[in-house]
Each structure stands twice: as C-alpha cells, then as structure tokens.
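Some structures to go through are shown next.
Same chain, two partners: chain A is paired with chain B first, then with chain C.
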Partner chain A sequence: MTETTTEEIVTQSSDTEPALEQTPDDRQRVDDDVPNVIRTRAMNVFYGDFRAVADVSLGFATNQISALIGPSGCGKSTVLRSLNRMNDLIIGARTEGEVHYHGENIYADGIDPVRVRRTIGMVFQKPNPFPKSIHENIAWGAKVNGFKGSKLEMEDLVEQALRSAALWDEVKDKLGESGYSLSGGQQQRLCIARAIATKPDVILMDEPCSALDPIATLRIEELMLELKREYSIIIVTHNMQQAARVSDKTAFFNVKLSEEGMRTGHMVEYSPTEKLFTSPRETETEDYITGRFG
Partner chain B sequence: MSLEAPPRPDQGLFPTDQEYDSLLGRRNRKAQFFKVFCLLMLTIAVVALATLLYTIVNDSFGLVAVVNQNDPDDVVASLGHDPETTTLNDLSYDELVGLLEANVSSGVGRRLERDQRFYEDRLVFESDEVWDEICSSNEPPAGCTRGPRNTADVFSLVQERVIVPDVIASYPLAQSIVNPEAFEQEVAAGFEAGRFGDYTADQASIEWRAWFNTTFLLAPASATPEIAGIRTAILGSVWLVVITVIFAVPVGVGAAIYLVEFAKPSRFNDFVQTNINNLAGVPSIIYGMLGLAILVRVLEPFTSGAIFTTGPAPSDNGRTVLSAGITLGLLTLPVVIISSQEALKAVPDSLRQAGLALGATRWQTVRSQILPVAMPGVLTGTILAVARAVGETAPLILVGAASFITADPTGPFSKFTALPIQIFQWTSFPQEEFRNIAAAASIALLILLLVLNAFAVILRNRYSRRIP
Partner chain C sequence: MTSAQDTNLHFHQELESLEHTVLGMVNRAEHMVEMAVDSVTTGNLELADRVITIDEDIDKTYFEVHQMWTTLMARFQPLGSDLRKMSVLLQLNATFERMGDQCVNIARVTQQNDGLPRVERICDQIQEMGDLVRPMIRTSIEAYLRQDLDEARLLPAMDQPVDRLNANMFKEIVAVASDPQMLEWATKIMMASRALERIGDQAVDFAEQTAYLITGKRAEFVETGLDKLGDDPDG
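So, the complex of A and B:
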C-alpha cells in the first residue's frame, strides 16, 4: 500500500548534513529531508514500570553506519532492539512512540513483527550459530523466508553470503561441519553471513565485537565498511575507537537519574562521527570520550 | 501492510512483495495452527488429570444408608444422658470403657486388653492372676509393656464394637448432589426386594458421609470399612520416605559428583554411566525381587535389627520398613544420579575455572561454588524421584508389606504397611464400601505427594541463585 516516495530513492548522503546542529535545543530534532532508513520519534521503552530510555528521536541514514555509544545501562542496546521489535520478546517490555521504517511505523497495528525482522536483521553480542552445519546455518533463514531458488542456487546464495562476510575462504571445504567448530571471530562472521543471506535492508549489530580478539574485531570492522555499500548498519558498541573507525554518525547516550530515582537512558548528542569525537557540542559527551566520565 | 524495502538487484530468488504477503500469511496460519494444536494437547492432559481427580473425589464423598446395630442415642440414653444434648463424642473415658465392658464379650475384651490395657492401675477384662501369668511367660503380649489406651482409641473401639455402624448402600458424590431422591428410592426398593438381609427400612438412616475425614486419617486399619482408617499406612509411607531419602540422597548425589566432577573419561566410566541410565528403566518389581533376595533374606540380621541388639531381635524377620525403604532408595537411585548429574553439568564451566584458578582444590570448588548452584536442580530431581517411589506398590508387596496391620511403625525395624499397599488391598475386597475408603486413601496419597512436590518447589526457590 505504500507507494514509493521520493524519500525512498536513495542516494549516498553523508554530505547532506541534517539540520541537527542549528542550536543545542534542536539536537534531538530529526531532519525530515535526510533519506533515513529508520527514524524514531519520541520513543520510550519501558520494562514494566521502569522507563529504560526516554524520548529518543533519531534518524538512521541509508547505507551508512550509525553507531550508538554510551556507558553501561544507558539503554543503547534497548534502543537497538526496539528497531526491529526484538524487545517484544521480553515479557513486560513496551515501546511507546514511533519507529518509522521508510516512513512506515513498525509499531502500528497490523504490522507483523516477523516481517519487520525479516527486513531488519540482527547480529548479537555473543556469536550464536545454530548447532547445525555451516551450510544449514546460512540456508535456514533464506528457506523460512520462501527462497525460491534451486539447490544449486541455494549453494550460490550460501557462497555469496559467506563471501560477503569474508568467511568463504576459511570454510569452503567444511560447509558440512558444525557452526560451533569455528573460532569465535569466525562464528560471528557466520552470524553476519546468516543475517545477510536473507537479504535484509538494515543490519542491527549489538556489540558484535565485544567477545572477539583485536584481529577478529578488525576483520568484522572491515566487513562492516564493505557491507554498508549494500546495507544500512546500526551498531551498538562499547568501544569508542570502533565507533570512530567505522561509523558515519554517532549517537551518544547517557544515564540520568529521573525524579523517581530511576536510571533512565537518554540521548545526549547525535552528530557526524568526526565532529562528535573532535568537537563535541555537549560537555557530557566530551567527558565521556576523553575518559573523564564518572 | 507492506513495509516495503527498496528493490534490490539480487532479490529475484526471493519472493516478491505480493508473494511474500501470501507466504507470510501461510506461515502465520501454520504457526497459529500449531499453537492451537499444542493447546489442544494441553487440554487433553488437563482433562485426563481432571477425570482422575473426579473419579477419586466422586467415590470419597456422597450419600450412604447406615444401619447401626445399636442406636447411638439409645446408648447415650442408657448411661443416663439426654440424647438431645449429649452425643457419643461427649462421653468420658470411663463411660466409654464402661460401654465396652457392658457390650463386648469377655473373650474379645481380654484380647483387646492384652493388646493394650485400658487403665494403668487396674484391669477391666482380665483377672490379675492370669495377667501376671501371661506377662511372665516367654512371649508376653504387647499390653504388658505398652501404656494405656487414650480416649480417641477407646471411642473408635466403642464405634466398632458397640454401635457397629453398617453402611448398607452408598452413592457417589456427583449423583448424590444431582439426584439424592434416586438414592432414597433405591434404598427403599432394596428393602422391598429384601436385599439388606434382616435389616428393616426404619432402622436405616440416609446421611452424608465424607469417607475422607479426620477419623479416617487417624484411625488404624480395620476389617470393617466403616471404621477403618489409614494412620498406620500414612506413618508407614512417611517412614519409607525418610529411609529412602536418607539412603538415596547421599549415595546418589555422591555418585553424581564423582561422575561429573572427578571421573576422567574412560571405558569403565562410560560403562558405569550406561548402566546407570539403563537402571533407571528397570521395572520396579525387579527392584522388589532384589529387595526380597538381598535385604529381606541375605541381610536379615541387619534389616531385622538382630545385629544391633543382644536380646531378641526387634523384628522376627527382614520384612521391615528398613528393607522396604532401602529397596525404594535403590529404585530411586538411578534417577537421583541422573538428575544430579544434569544439574551439575548445567553449572557453567567458567565457575569451575574461576574456583580452580584461585588455587582451590577441586573438592573445595565443588563444595562451595558448584554444589550451591546445582542444589535446586539436585533437590528437585531427588524429591520428584522420591515422590514417584512413594506411590510404588509392586516392590513393597514383594519385600513384604503387611496386608493387615494395626500397630504403628515405631522404628526402622517395624512391620509396616503403606498407602499404595492399603489402596491395593482395599480395592480387591468385595464390599463396595472398601472402594470408597480406597478412594479416600488415594486422596491422602495424592496430598502426601503434593506436600512433597511443594517441598521441592520451596527448596528450589530458597536455594536458587541467579547466574547472569
């Protein structure tokens, strides 16, 4: 029912700076002119009565890497999981406000979360391959989503996904082996390959490198830069250098003690990465990125 | 709702948006179908359980037609009380003994007294000379050493010997509620047809009876269903639980700790493991055979208590609650081992490594870090296994549970009966009323199991430590 709008004709847009930095008060405003693949409007996430994050309004640009950084408990993972309705799986979790994917609210009535997750894939903190063969790990997602190709085309798809995840050369001779036979870094790349084999539009990554060594981390980062030509990537990371290395734009989240004494996360600043790390607008941001954070 | 993604060049092999719509519809319908299917399966399980409960409860309560040999009112009146204000329950101990004295033949009275005397200082049925004689004989009866009877005991004797209530017909609960008149008609028709022998219709009274009541729980077994109780059986079952736990828990948990934490992989250990798994599937009657052959026969000096005393053995053979408890312990052992192993294996390895990396020995790590985390699982598995064993009948029959016994078990070397044995026995009797008390005893058994399971839940919650 959604007709293609001009918004969906996508161009590389890192130079089309949004009007975010007009005044400090405007810092949470999202410019509607920027081609955003996902945009949240006044999003609040609750776990029961506890408000985990408050009033997040953010736009994530198409074919860019957007990073969410901040101290533990600031709600950045919560925000990420809200973007493909993975929070629905947590009992008691509730998302208020709107999350727009290509202009359509994914929390609207009648939107099937299965469909949302099929288009907005996810890679988790700990590598979580299925206890099945490498081939099956990748093929299953395509199969459940109605892959129409022949067996041969499936093999092509698996190869293509593994190549995209820069894993093909390492596993091409042992596709029948268990996903668990791989090293941690390889398992994580397998999970990325698994996610892209379903041809999603956006890939969410929740601290994808925190369980990996620096070499494996580097490979995943290279992979992300590779993948952003085809996919929009949103990544949560604890590692500020990582955010600085890979992302185009960075949102800094912080915790604030609410009036009821609850630790609620909120977004402090959202700027192009280079700007956020060199000349942050907020002192809170500066304290955090320079390590003066309490 | 479409949630369209911008077209991608390589999407040819994937469904188009329209195709995806119908595909998603089909997938969701399938998910819905299986959800309903699983719900249906749950319903079947619940209905089965409900039916089970219904049958038991249905037989445990309901209308009965009773004929009393002696009307309680007349009995009370014979002692000079007003039947309007006084009931049998209000009579004193002396009055109750007096009723027995007046109504029971002297032979029966002497037997009762030899079993347990009525007064500390005087005899009611026996003469002092005879009493001294039999008490100084080689095998003195229990009454020579036991303390005197109590009021509840004598009250049930009066019920049994003086009032002698006879339930001539009974009706299940559901029909008693829905159609009580039908029962009255049935009883009246029965009298007309002469089915109730010498009784006449005006002797019978129709009343509500809860077969499952406190008197039933507290009274010892009896050959008359109206006054039979399950105190002996409950105490027997409790003793069995205690001995089973004392035997199965240390042995089972110890074996599991060795297998999981200490044993190195070897042919022998694999062999042991396989055999434990197989033992869990051995039918319980075979454990009964084992108990009979080894515990009752070979280890008789131990299970009858003979080796613990220089005098006469507490029991004249090995068919004691100790034999039965150990047999049930052996029966539960494989399950205890397996569930404890599973609980121990579920503890993350990182905890073991953390303990060992601090320079603790393996046992210190197991004792202080692993076991506390595994404890809820160990306890749950153990208690569920024990609860299973409490309901076992076959091995107890083989080991020699007494089919009729009125003396409570007083120690591990007592003769005993147990709830399932009692139920089994009663259901095989021809009188219909035994079926009612068998159902009532089933309720007691279910409650006992419920208590054990609740205990498991409480312990699990208490010991639960969250692992992130």
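So, the complex of A and C:
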C-alpha cells in the first residue's frame, strides 16, 4: 500500500455501507442511510501473547453516539483505544485485523498515528487538564497539533471550543487561571473542549463520567447529545443507564475462557440501544443487564 | 457471592413480591365478578356489600403497588425482561383496579334495583355473561403464570360471545320497555351488562400484556382472535 496520511484519508473516501453485524430488526430502528465513520473488521487486540479481545467487527455510525458496555475485563476499553491507535502507546500491545476510518485502514503502513489521534480524539476517565491556564489548555493543544492562525483566530478557536463544550460562560472571566482550579465536571468539559479544538471527526470517551457527581454527569451527557450534531461519539461506560440515556446503538461485550485458558473479550450483541435494554436478542445480554450474570 | 449479585437477588425478591401482590388483585377481582353477578341476578344485597368492601381493599392495594413500584424503579433501574415486567405490572395494577370498579358498578345496580320486578330471561343472560367472563380472567391468569403465548392468544375469541350478548341486551330491554317499572330495572341491568363487557376487554388487555412480556413486542390482539405477533419477521 502506498503511503497515506490521515489527512488524505479524511478527504479520500466515505464509507456508506450500512453498519456491520446488523439484523433486519436493527435496520428497522437505525437509519440505513447513516454511513459508518469507523468500522472494524475481525479486529483482535493482544497484550504480548495474551489476546484481550477477539474478532470484533463493528460499524460506528456518523453523528450518532455508540456505547460499548460489559463487565470488567471484557475488552471494551481496549477496543476503544484501538480505534485511534492509542494502544500503540502500550508496550507489547498489538492490533490485528482492520480498523477503517472513512474506508481506509488506520493500521495500514504509512499512516501516522499522531494524525489519527488528532482526527479521532479521546476523553479519558479521569479529567486530565494540562498544568496550564484554562486558555492554554485549548491553545497549546491546538498549536502542538499544527494550528497556525493569527492571535485573533486563536482567541476565536479557544472561545468556540469552550462554547462547544458548554464551559464558556463559566470560565470566560478567568481564562488565565489554572485548569486545576476548576471542579471535576468543569475539568472534564475542559478536556472535551481541548479535544474539540483540534477539529476531530470522532470523539472517543472512556468512562468520561465515572469520576463525576450526578449533576456534572448530567451536564456531560447533555453535552454529548449536543456534540453528536457535529461529531460521532463512541463511549465506553460501566453505567448501563447512562448508555440507555445517551446512545443510539449499544454493543455488549463479555468475557469467555479461551481454549488456551485465557479470559478473552468478545462482542455478544450490537443493537439499537432501546432494543438492547428492553428486549435484547441474546440471552447473554439479558443475563448481564438484569444482573443474573455470573 | 458478590455484593452486586446480592443487590440483584434483593431486586428479584422484591420484584417477585410486587408481582405476587398484583396477581393477588386479579384473583380477588375474579371472585368479585362471581359475587357481583350473583348479587345482581338474585337481588342479594349482602353479596353486593361484600363486593364493595373487597373493592375498597383492592383500591388500597393499588396505591401500595404504586408505592412499591416507584421505590423499586428508583432503587434498581431495571433493564431487559425485568424492565418489561415492571412495565407490565404497572399496567396490570391499573387494569385490575378497574376490574374491581366494574364489579362495584354491578353491585350498585343490585342496590338500585332492590324491590323492582325482574325479568328472569335477562337475568339468565347476565349470568351467562358472567359465566363467560370468569373463565377469561382465569385463562389470562394461567397464561401469565405459565408464560404461555398460545393460551394468551385464546382471549379475543373468548371475548366475542360476551360482546354479542352485550349488544343483544339492548333488544331485550326494548322488549320490556312497555312496563315503566320493568324499564327502570332493565335500564340499570344494561349498565351491569356493559360492566361485564368491559371486564372481558380488561381480561384481553391482561393477555396482551402477557404477550408483550414474552415477546418484547407490543401488539394489540385483533377481534378475530389472531394477532400479528407470530407474523413479525423479527420475532
């Protein structure tokens, strides 16, 4: 394969095939026309010799919120980190299979993982602002990622990012203060603003509310529903009610003992969220969501 | 056992208790139908009073179920078949409370018709309606307990003769309209007939709820006794 950058990937092709692994029932509930922004094909992720997840084939729809749920160790966070090559940063981690972003495999030779991560941004479990001012948290990230506009344009970028993250009104008079001076919920919205400032296409969220109180959680959830107009969002959550509240489609992952005696994650069911939480297709899903699991 | 499993065991115990309470209401309603029909066809005021007393008890249970239901939802936020069962139990709570109310309507007819002359032929027809409605309630209960979709689907066909007898009641009343005293009695009896027809419909509703619980799909049974559940390609 010839050398391709992520920027080229963005402008090259758009994948308009319907999501993978859909039953006729799923298609009734999720628009056929919604193209996939990311889709994985037979993805396996290893940590050394240990296969953490096996054979994941999933399509994530554009401008929708997709949720990944399942018990601890089912590989849902591993899958999420593989979608923007964040796993590359873990020594010994290896992804097999394909992850297509707008139709191009982000694991193909010549793809720059840094650019992948800029286009497919990530928000982590624990808010992790830079030890810098609120302003710099946005501006510095944008500069590192190649922003070359004027000072005025930068001010505009900072304001727009903070507005998009529903934080502007709370911080506009203290942009010079440290990011650490904000509450946990505000810090998480600052991290979302920072991710938005690099103009991503997809935002991955790894349990973004698990360190937040219910009010801050509600604000992030409202924000996600706002953001999906412009971005495609994929969220890992332990909170099934949260998945039920915000997501359009939900994938349930579970753990099974492999032939080698290892606990490997796999995807059990991928359905429209309402269906998955009221009448799931698979007994395994039903057992998990009703607490009969294990 | 983990604490999460403990919590879920606790939820399922409480859900079972809620279900038991709701089904207790329909068991009482089934008994009330028998007493109400007997009271109105024989003019037995004592039976009518008993129906009204039992209904007061059902009304109390209705509020208790609401309270239990709300508390369970707030504490556990159930999903999957548990959520469907919660949804069904809330609906059944209302349905069974109304069944009780319809029995009271029949008992009130007994009270209002006290001392008036009766037409035995019409009384027989009311009795026949009661004899058709009670097995409907029983079949709905059995279908629910056994989670038997085929049994639930019997209900619309069972309801048809009840509807026919109710429609025919008007003709019977017109036939006795020449006698003013008889007319007064018969007009009230029409209300009892209507109440039995409604109880039949409520038994059909109960069976529809059972079908939803089993299949996860909402569908109304149609009057022919067939429904679209089985034809659903996604079923």
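General observations
The definition used in the following text is that the second predicted complex is superposed on the first by the 260 of 294 C-alpha atoms of A that agree within 3 Å, B and C clash if a C-alpha of one lies under 4 Å from a C-alpha of the other, contacts with A are read in each partner's own complex, and residues count from 1 in each chain.
By our rule, a contact is a pair of C-beta atoms (placed from the backbone, for glycine too) under 8 Å apart; a residue touches a chain by one contact, two chains touch by 3 or more.
All of these numbers come straight from a predicted model, not from anything done at the bench.
Contacts of A:D173 after superposition on the shared chain: neither chain B nor chain C is touched. Of the two partner chains placed by the overlay, neither chain B nor chain C lies in contact with A:E259. In the superposition on chain A, contact of A:R292 is made with chain C only, not with chain B. A simple residue count on chain A separates chain B from chain C, and the partner touching more is B. In the superposition on chain A, A:P280 contacts chain C only, with no contact to chain B. Judged by the touch definition given at the top, the superposed model places A:Q241 against chain C, while chain B stays out of reach.
Applying the stated contact rule after C-alpha superposition, one finds that A:K199 touches chain B and leaves chain C untouched. According to the touch criterion, chain A has no shared surface contacted by chain B in one complex and chain C in the other. Per the touch definition, chain A reaches chain C in the complex via residues 23-25, 28, 240-241, 244, 277-280, 285-286, 289-292, 294.
Listed in rising order, the residues of chain C touching chain A in the complex are 2, 4-5, 7-8, 11-12, 77-84, 215-217, 233-234. Chain B makes touch with chain A in their complex at residues 1-6, 8, 10-11, 13-15, 19-20, 23-24, 27-28. The touching residues of chain A, counted against chain B in their complex, run 1-2, 4, 8, 10, 101-102, 104, 106, 108, 110-112, 114-116, 119, 142, 144-149, 153, 157, 160, 199-201, 230.
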